[in-house]
Structures are given as C-alpha cells and as structure tokens.
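Chain IDs A, B, C, D, E and F follow the sequence of writing; residue 1 opens each chain.
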Amino acid sequence: MAVLSMGIFSSLIGSMSTDFAIKLASSAIEKGHKVNLWLSGNAVGLVKKSQKHLKDYSTGEKHLIDLMQKGVEICTCEACTYARGIQKADAIEGVQWNAMHWYLAKIHSSDRVLQIGGE
Amino acid sequence: MKLAVFVSDYRLNVDTLDRLTSAKLGIILVQNGVYHATLKENGKPSSLLGKNADYYVLMDDLETRGLGSATIDDNIKVISYGDIVDLIFNEYEKTAWL
Amino acid sequence: MADKKLAFIVQRTPYKSENPKLALTHAISYQTVEILLEDGDTVTPTVCLVGDGVIACLKDQKAMETYGITSTEMHLKSALLVDLDVMVCKEDLDRFGISESMIVLDAEDMGADKKIQIVPFASIVETIKNANHVLFF
Amino acid sequence: MAVLSMGIFSSLIGSMSTDFAIKLASSAIEKGHKVNLWLSGNAVGLVKKSQKHLKDYSTGEKHLIDLMQKGVEICTCEACTYARGIQKADAIEGVQWNAMHWYLAKIHSSDRVLQIGGE
Amino acid sequence: MKLAVFVSDYRLNVDTLDRLTSAKLGIILVQNGVYHATLKENGKPSSLLGKNADYYVLMDDLETRGLGSATIDDNIKVISYGDIVDLIFNEYEKTAWL
Amino acid sequence: MADKKLAFIVQRTPYKSENPKLALTHAISYQTVEILLEDGDTVTPTVCLVGDGVIACLKDQKAMETYGITSTEMHLKSALLVDLDVMVCKEDLDRFGISESMIVLDAEDMGADKKIQIVPFASIVETIKNANHVLFF
C-alpha cells in the first residue's frame, strides 16, 4: 500500500478534471492504496451538498461520499470555500475543512503527489 | 529523475515540457490531451509525439471524444485508469500536469 | 413583430470548458423562447463550429458510458432535432483530416430532418454578417 | 437610453471576467443605459449568498445587489445552478431563476449583446 | 459589419479573428489581453497588433498588472470602462469575445 | 524526522486563472504546517516562475485599487517575507524584454531579508530534480 495525494483546482463542471481525479482516486483505492484529495480554487464548489444530478452535467456529491466511505480523506480549502459563500452547514458531511497547510502535511507523508493544475 | 507528465489539453500554452530534461520521461495523454494521439493537423502528427519518452493514452478519454476506434500509433500505449495508478507508483517518482 | 437572427460561434474543443456545450443548449432553447416574447416575435439561432470547435462533431462520443454525462454529439443531434441550422467549417475539418465518415451528419435516428451543413469559412462569415447579434464561445 | 445584455459564463473567482462584467454593467448604468445580466455555466456560483469578502478573492454578492438596486436585471440558469447544489433558498435575493431562453428573450429586445465566453 | 472584438487573453487558442473580415474592426484589449499592448517577445510586438483595425486598451487592466506606466504604442488608445460603453453603443454594432 | 522539498512551478500568466496565486499561497502555508506534522518534520517549498509565469513579478500591480483584490505582486512579497526561495527564469524574462527595473526584487518594505532569485532555466530543472515532489500550476 502506498499513499497518493491529489490536489484538484478546477471546477466540478467544465474541464473534466474533477471527473478524472474521482476516477483515478477510485482506481487507486481498488488497488489497495491510500488516497487524499485536496480541493482548492474553483474545485471547492464540489463540496456543496444537494447537487442535482442532471445528465448534462458532471456531478460530484455521490462520488465524494462513495470515496470517503472507502477511506479517502477529502479536505476543502476553508478560505476558498467561504469566499464563494459556501458554509460548513451547506457542505457534504465528512469533508474536512482546513487551511492550505493540510495539503502540505498530507504531501509530507505521501509517496506520490498529483497536482492537477492547468487552467 | 523519473517524471510522468500528464498532458490534459490539446492547445498547450506552456513550453516547460519542451525544455525539461529527465532521465526517464513518460507522457500520459488524458482529457483533451488524447487528441494529440489521433489528430493530424495538415497531415502532421502532433509535435508533442516527437520526444524521447514513453507515451500512453487513456482509453476512457478517447472513447468519450468519439476516438475509441481511432488508429493509434504503435508507440502510444492505450491504457486504463488502473494502469495510470500502476505507472505513477511503479514506474515514475514525480508527476507534472500540463 | 420581428425575427432576430443570432449566430452562435463555437471555436474551441469540447470537454475542456463547458462553453461549447452551453452554446448548443442555449441555441436549442430558442424552441421555447416564445413564452417570453411578444406575439409574432421570434429568435432564429444558427450554430457555427469553426477552428478547434469542429472537433465537437466527431461521432460515437461515449461520454455517457465513460463519465455519465451527455456527449456533445448528442447535443448536436438535439440541435438538429429542433431544426437549427448547424454549420461546420470545411477548411477546419480538412485541416484536421476529419472526413465526413468520422462525423455526425444528421440525427435521423432521432427523427430529425435537418442535417449538418459543411460549409466554407466564407459562409460562416456571411452568417455572422447577417446576424443581429453574435455570441462567441 | 439603449439596452445591453451580457452573458457571463466564467467563475466568480479566477479569470476576472465577472469583475469585468460587473464594472462594465455599472458604467453602462451610469451612462443611463439598461443592462441585463445572464449567468450560466460556472458563473452561476456568483448567486450563492453569504460570500465572505476576503481580500485575496474577487467577490460578487455586494456588487450584484448594488446592480439590482440600480435596475439591472440578473438571471441565473436554473439547471446550471441546481447541478452545482445551489437552491433558491441559498441564493442572493432578487436574482431571477429561469431557463436559457430568458437570455434569448432579453437579447431579442437588446441593442447590443456581449457574450463573455472564452475559457 | 462593424465589429468590436474583445481580446481577453494573452495566449489565444483561436484563429477566428485572423480569418474574419469586417468593414470596421475594433480590437479592445482587456484582462490579460492588455499584455499584447506592452510585451515584446523576442523584441517583436504582438502579431495581434498588425491588423487593419482600431486598437484600444483598458487602463484599469493595465494598472492591475503593473503596466499603468508602460509605454503604449500611439496607435493603441488607452480607455476606461465608460469609453467601452460608448464604443459598444456608438461605434460598433456587434461584439465578439476571444 | 524528515524534510520534504517541494517545487511549485508557475507556468502561466496571473489574473487569468487563480492558479498562479494559489501556488504562492499554498507555498506560503508551509509556515504553519508544523501543527499538523510530527515533531521535527518539515516542508520546504521553492517557488519557480517559468514561461509566461514570469509576468507575475512585474511590479506596481494595482489590483487592490482597481478590483479590490490582493495583487500577485503582494503574494510574491509575502512569500519572501516568510523566507521562501522564489526563483524567476532569466531566459523567460529576457524573452519578454523584462528588465530588473520592471520587477519585484525584494520585500524590504515589509521587512523581508529574502530576495527574488533570477536564475537560468537549468537551475529550475535542478530544483525540480532535487525536490521530493513537484506541483505544476
């Protein structure tokens, strides 16, 4: 078992980066690895609960819940999330809220890091 | 250094990859990066494919874009999400996302 | 009583940003706009795929099977189904080596009469000139 | 007086497109014009209320309220907004919720249209 | 056709503008598009500036990026948000955003 | 007890996406990471501006005055203030014709000892090679 930490910085809908990260996390878990997901920038919209799954749009809520049930730690950047008007009470349960140093601390104990940046 | 570079877009606005040197370089085409494996602009393959690197392309992302049965060059290995996990942990030490 | 012609210009690859898809869904919404307009007023959108935007019309997109979302191909077919004019730039298809056999040409399977129109860039410029407003995506 | 309709499709934070649209709308109003704003795609995050104005981040709430008070009509794309988990109860008051045809109808009666697309 | 084209980025991945013909063309540099007015890569001005068009650049967006006192070519007019409103309504009929 | 070296690579212009700024703020957060680490463990980030990323260090950015948000210049200065190594690629500055007089070189006004390091691209490659992990933005 090894540890992978991923940073996601893109919006839930649009670039397909969150879809990618969710599938990759799921595959890593299936292979017995440990996964940490850090959400920052526009990716923090992903933690809003009550996402309506319309077939024209990527969706995150059910996937995040599924990953957390499988032991994935997911944390959202507090400041980024508050800036977008999303409060803890609005968020999917089980998602951690912390400052950016959470990501650095997870990286410290990770074997591999995949920072999904880009535009 | 063993570096796995994820190319996630077709129009790359960065030239970092062109200038990086790495003992072992893997280029993994994902998302719109998969178009590099199939589109030939003016008959020419993508310049991205001319490096001294191992090439991979993600099947799910080919299929998403209508390229599931496209002809892929022999030097590009078509892979799954599970294969990416193995590549990251077993073949490379660091990753880059372009 | 007036008809307003709108040109929706899709210039970028699908699946990187939501915009190419939103161009199509916004154009498609012309079908129900009359409930918000005065009697006799109409809106007539034309969708133009140019540059990297032509890649959107590759057929057999399996986005629903892989990621559970409607493909851009399906949105193009929906546009044809509601009788929209959809133009694809011939020069750009040629540049990418994309032949007619590789792209969505119609939505006959959904019962649509309209077909994709492969046109020279000059026709797209004409469409832009004749439009009351242009929306670049 | 003339009418300008703008479509905004970018996230509140990141590209500066919403900052641009808000300033342009404000200037048009000052010059006596009428402005309509249509929010779609990632721009719908803009309607979430309780945005915390941290100085590192662009903010939208106070500007939207200000524009609406000056007579700007603002409408969010219903489907896009629900897909992101934002309900009417979560939204800034006064923002309209409608389908995409709202934008086309506003365009019909506009002198000028600025569709802010891009990436 | 009188077309006002907003250029909002430095790296443009679209060539639509290069191919469009318009009786009257205005190019308004905003957001990161303002770099076209000031940066000279390898000593050359941006190729965007070589068109038969009227050029404008938004002062607020120059200032934001540390370019408030940069030298701007005489054929590019430095304007305000209010000027953009006037241009849209008085000088041009249609707009494009790149 | 271990130190982990991280390379933060900023390759794109500021103000187009949030990422160049977030690269800086994430690197800066190393200052408080010890509360989440075992005693003696540390994280040492280095920030590298390459390609269009070097544009971020132009000085006199007035983002606060124009749009009410912290400028990227200010984030760079904050990075120096917490003693981060910040490297800027010399070849890219030269390519854009950006001279030292046009950029942020230090944050002396805030009391920082660290200065911006203008280095050849080869030094940035070395930093990447010596890092335990690399984060491309």
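Just so it is clear, contacts are C-beta pairs under 8 Å (C-beta built on N, C-alpha and C of every residue); 3 or more make two chains touch, one makes a residue touch a chain.
Model, not experiment: these values are computed from the prediction.
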item: Minimum number of chain-to-chain contact steps, chain B to chain E; value: 1
item: Farthest chain relative to chain C (centres taken as mean CA coordinates); value: F
item: Chain pair showing more contacts of the two, A-B and B-F; value: A-B
item: Intercentroid distance (Cα basis), chain F paired with chain C, Å; value: 43
item: Chain C-chain D separation of Cα centroids, rounded to whole Å; value: 24
item: Between chain A and chain C, centroid-to-centroid distance (C-alpha), Å; value: 33
item: Junction residues of chain E, two or more chains touched; value: 9, 11, 13, 31, 60-61, 64, 94-95, 97-98
item: Interface hub residues of chain C, defined as touching at least two other chains; value: 12, 15-18, 25, 52, 67, 133-134, 136
item: Per-residue multi-chain contacts in chain A, two or more chains; value: 13-16, 23, 41-42, 56-57, 59, 112-113, 115, 117-119
item: Pairs of chains, among all present, that meet the touch criterion; value: A-B, A-C, A-D, A-F, B-C, B-E, B-F, C-D, C-E, D-E, D-F, E-F
item: Chain F to chain A touching residues, read off their complex; value: 2, 4, 6, 12, 16-19, 22-23, 25-26, 28-33, 35-37, 41, 43, 45, 133-137
item: List of chain A residues in touch with chain F within their complex; value: 7, 9, 40-42, 99-105, 107-108, 110, 112-113, 115, 117-119
item: Of chain E, residues touching chain B in the complex; value: 11, 13
item: Residue ranges of chain F in contact with chain D within the complex; value: 15-18, 21, 25, 64, 67-70, 75
item: Complex interface listing, chain E residues touching chain F; value: 9-11, 31-32, 35, 39-43, 60-61, 63-69
